[in-house]
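Same chain, two partners: chain A is paired with chain B first, then with chain C.
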Partner chain A sequence: MTEPLLRVTNLSKSYGALRAVDGVTFEVDRGETLAIVGESGCGKSTLARCVARLTQPTGGSVRLDGVELAPLSRRRLRPLRSRFQLVFQDPSTSLNPRWTVGEIVREPLRLQDVRGDVPGLLSEVGLDPELAGRHPHRLSGGQRQRVGIARALALSPDLLVLDEPVTALDVSVQAQIINLLLRLQEERGLGYLFISHDLAVVSAVAHRVAVMHAGRLVETGPAEQVLGRPSHDYTRALVAAVPGA
Partner chain B sequence: MLEVKDLVVTAGDVRIVDGVSFEVRPGEVLGMVGESGSGKTMTMLAVAGLLSGPARVAGGTAVLDGTELTAARLERLRGRRIGFVFQDPATSLNPLMRVGTQISEVLRIHGVSRSEARRRAAELLEQVDLGPERAGRYPHELSGGQRQRIVIAMAIALRPSLLIADEPTTALDVTVQEQVMRVLRTAQRETGAATVLVSHDLGLVAEAAHRIAVMYAGRLVETGTVQEVLGTPRHPYSAALMRSRPRVGTGRGPLPVIPGYPPAPKSRPPGCAFHPRCPVTLDRCAKETPPLVGGVACWAVRDD
Partner chain C sequence: MRPSVRIALAGLVLIALAVAVGPLLLGVDALEQDLPAKLAPPFWMEGALAGHPLGTDQLGRDLLARVLVGGRTSLLVGFAASTLACAVGIVVGLLSGYLGGWIDRLIMGLGDLWIAFPFLVLAIATIGVVGSSTPVLITLLTLAGWVTSARVTRTIVKQVRGEDYVAASVGAGAGHLSVLTRHLLPAVAGANLVMWTFVVGTMVLVEGGLSFLGLGVRPPAPSWGTILSDGRELLETAWWIPLWPGLALTLTVLLVNLLGDGLRDALDVRMDDHA
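Let's turn to the complex of A and B:
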């Protein structure tokens, strides 16, 4: 039996009495997208931050390829950092405005002291390599999100944690970024942990869906089952509330 | 009834809104859709006389129930004849004032007595599905959806003849969205206000609007009933936009995309602004701007 790419077991994160993430368990395989859906305050972004180790969970286990990440110090974690990367919702706040596109994409390579092909990464995400000299504010929202994805791909990760990656984008640009993510997954065999409140977007990208409510997963299953024949009351309410579906 | 004709909004030498005409009848909801930078919000801010910064009205007229909305008149009409609901309720509410008082204030400013204003405020709270006990709360003691319902109560307090709702639920969760839209629809029906719902969300507009106006690069490219525009869109941009929209239940897989990006106002291409991204391009598309005729602004559709 091979280990899944990501195995999260009984993960918890408390802030004092508030249990933002409360005993969450799931797996993500190579080439697979698991979407975590839920409304604001349900804990899905905290969960993403725990998995990406931007914050320390208070309990449970996060295993990447069988290696337990939870007990590792920052220094011991560093070589593993290249294996999982985070893509944020708002590319305009996650990209350093003073750096050029080239510098932003090169930064993770520089930190890990490895060589990489910045023009190649830019074309892989559908950006003209000529844009390397530009600053983020001179790009459109869609182009900035492509820069965020190129930066995440720089170290050839196995897992991307995507926190509302298309929420801030216009409909026509949203479709482009969704297609880009689908193509990259197929070409690179990436596992995606896809955090979103938007069930329509999730429907286009996810193999499996987990519904989060008040810090817990209330329903998990294949996307067509969870979105098409939801079994939990909360999921049913979520699906019914999608306008014009 | 709101009648907007040939509206032009400029900022410096950039035409942000470029000759927009439309009508909204009493009791009707017009959904104004478009992507960022399409000019949909600017159009409505111009109608209401709320443009700020370098943006100004450079041409055209807006007439509400026979009265032209000039800058001088808008000062008096806004609030009384025109109600607003913006995306973020926090920008419309005073954080230091109890919400009941804020609703009463709207009435008091327009000459309603103190006791009558208090009574009306209680009624308005009920109209937006909030109990009278909420009157004593401060905005921060309410949820986002409740705050937006207070804003709706203020917007309809003086029974305006025009209601403008700009992305009223974009900042809210989907289950809360539904409730706020229901309250907005009821308020709109009860006041009979001509209503413009500005939104990027086609699904939301499909459920709440009677007619739709699609904007692209500062111009209206298509107007019609919800069934016409969403069901059988005629402009290549509207058609492509409908196709590229993900839907619950269509299953995993790539979406049909519109290549390229919507142009920034200062770099809009000549002719039809959509032509560089359009699947059907005729010679004249790059040279001449198609007028809106029969609800659609497209040379290819007209030549059929």
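Let's turn to the complex of A and C:
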């Protein structure tokens, strides 16, 4: 049995008595998208931050290609960071307003001390390399999110943790970003951990879906099965709550 | 560079040159008393004396020479103390806001305590023990001024460190030092620069107040503050004594503020679009 790209086992994160993430287990393979769906406050974003190791999990295991990440210190984690990167929900707060697009995309390269092709990265995400000299506030929401994706790709990661990557965007722009993500996955063989509350978006990108409720995964399975023939009560309620469904 | 920044810089350089080399060119001793020539008015008034274009004070000392020489102390103390106070405030504020937790509470608690402690008592005690000199004055004023800058810095840091772009930086492998210097320090620079321009003026005035109480510059050596204080009792008859150091002080603070405004706009990229 080969090791999956990402194997999360029994992951937990507590804030005092609050169990934001409570014993979550899942896997993500190369070229595969696992969507985590659930309502606001169910612990999706905390889960994303635990996997991307922006927060230290309270318990459990996060293995990337068999390498255990959960207990590592910030310093020990540093060289491994290029393997997994995070794309944020709101591109207006995830890009330093004082920096140019070029500086933003170059930052991971500088931090990891590797060479990289910033104009190439910008073209890859569908941005004119001329935009490298602009500041984020001069870009549209969709362009900003492309910058965020280019930054996440700069270190050639294997896994992208996408925390509501299209939620803050207009519907027409959402489709463009989703198509970009699908193309990048195909070209680079990326594994996606895709956090979303929008089932329409999830059905467009996910191979498998895990439903999160109150910090736990209540149902996991292939996308068509979970969204089409949900077995858990909570999933049924979630699917039924989609307008026009 | 904006015209306002250019004007401010040029003006400040002129003032610095004037107080640095002006007294040498003038060749008049700022300390020399000439009682028969006391309280001479400035040149455009009746009774003005040749050789004293800005008039004289109650001891017949030349006011032009005194304002120029006094500017050395005032500007040195004002700029050095405000710069040091802001620098200390930035470092303390960065650490306090970034580390958070009990260190933050401790530092901010000390800051509150420090503000509540009467500065004058500290100044009197310190100068009573070690005596007064320019370095002592600068140190005292730095101690008096760092808290404001530390508070403002901490507040901004608390807000910015939670931004996603800092998380992205950490997610790409940034260490604490990198986050502090690349993201947080630039974020607090603008506010501190503006504050610095206000503090310069305040520091020059506080130095004057201390000198007035006999805690600052020792008479007969002049500073803008001491000349202002000297002229206070004679405001009705010899209003020109406080006029000149007052004008010099106002002009300096105005130019520094102009410079601060211009630099802040230059640092704040979001203003680009409206320019």
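Following the convention adopted for this analysis, the second predicted complex is superposed on the first by the 245 of 245 C-alpha atoms of A that agree within 3 Å, B and C clash if a C-alpha of one lies under 4 Å from a C-alpha of the other, contacts with A are read in each partner's own complex, and residues count from 1 in each chain.
We take it that a contact is a pair of C-beta atoms (placed from the backbone, for glycine too) under 8 Å apart; a residue touches a chain by one contact, two chains touch by 3 or more.
The structure presented is a predicted model; accordingly, all values stated were derived computationally and were not measured.
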item	value
A:237 touches, of chain B and chain C: first, second, both or neither?	first
Chain B versus chain C as contact partner of A:140, first or second or both or neither	first
Partner chain(s) touched by A:25 [first = chain B, second = chain C, both, neither]	neither
First, second, both or neither for A:207, with chain B first and chain C second	first
Touching partner for A:167 - first (chain B), second (chain C), both, neither	neither
First, second, both or neither for A:178, with chain B first and chain C second	first
Partner chain in contact with A:108 - chain B first, chain C second, else both or neither	second
First, second, both or neither for A:9, with chain B first and chain C second	neither
Complex contact set, residues of chain A against chain B	33, 39-40, 140-143, 170-176, 178-179, 182-183, 197-201, 203-207, 223-224, 227-228, 237-239, 241-245
Chain C contact footprint on chain A (complex, rising order)	49, 52-54, 74-75, 77-79, 81-82, 85-86, 88-90, 93-98, 104, 107-108, 111-112, 135, 137-138, 148, 151, 154-155
Residue ranges of chain C in contact with chain A within the complex	163-165, 167-175, 178, 182-183, 186-187, 267, 269-270, 272-273
Chain A-touching residues of chain B, taken from the complex the two chains share	35-36, 173-175, 177-178, 181, 200-207, 240-241, 244-258, 261-262, 264
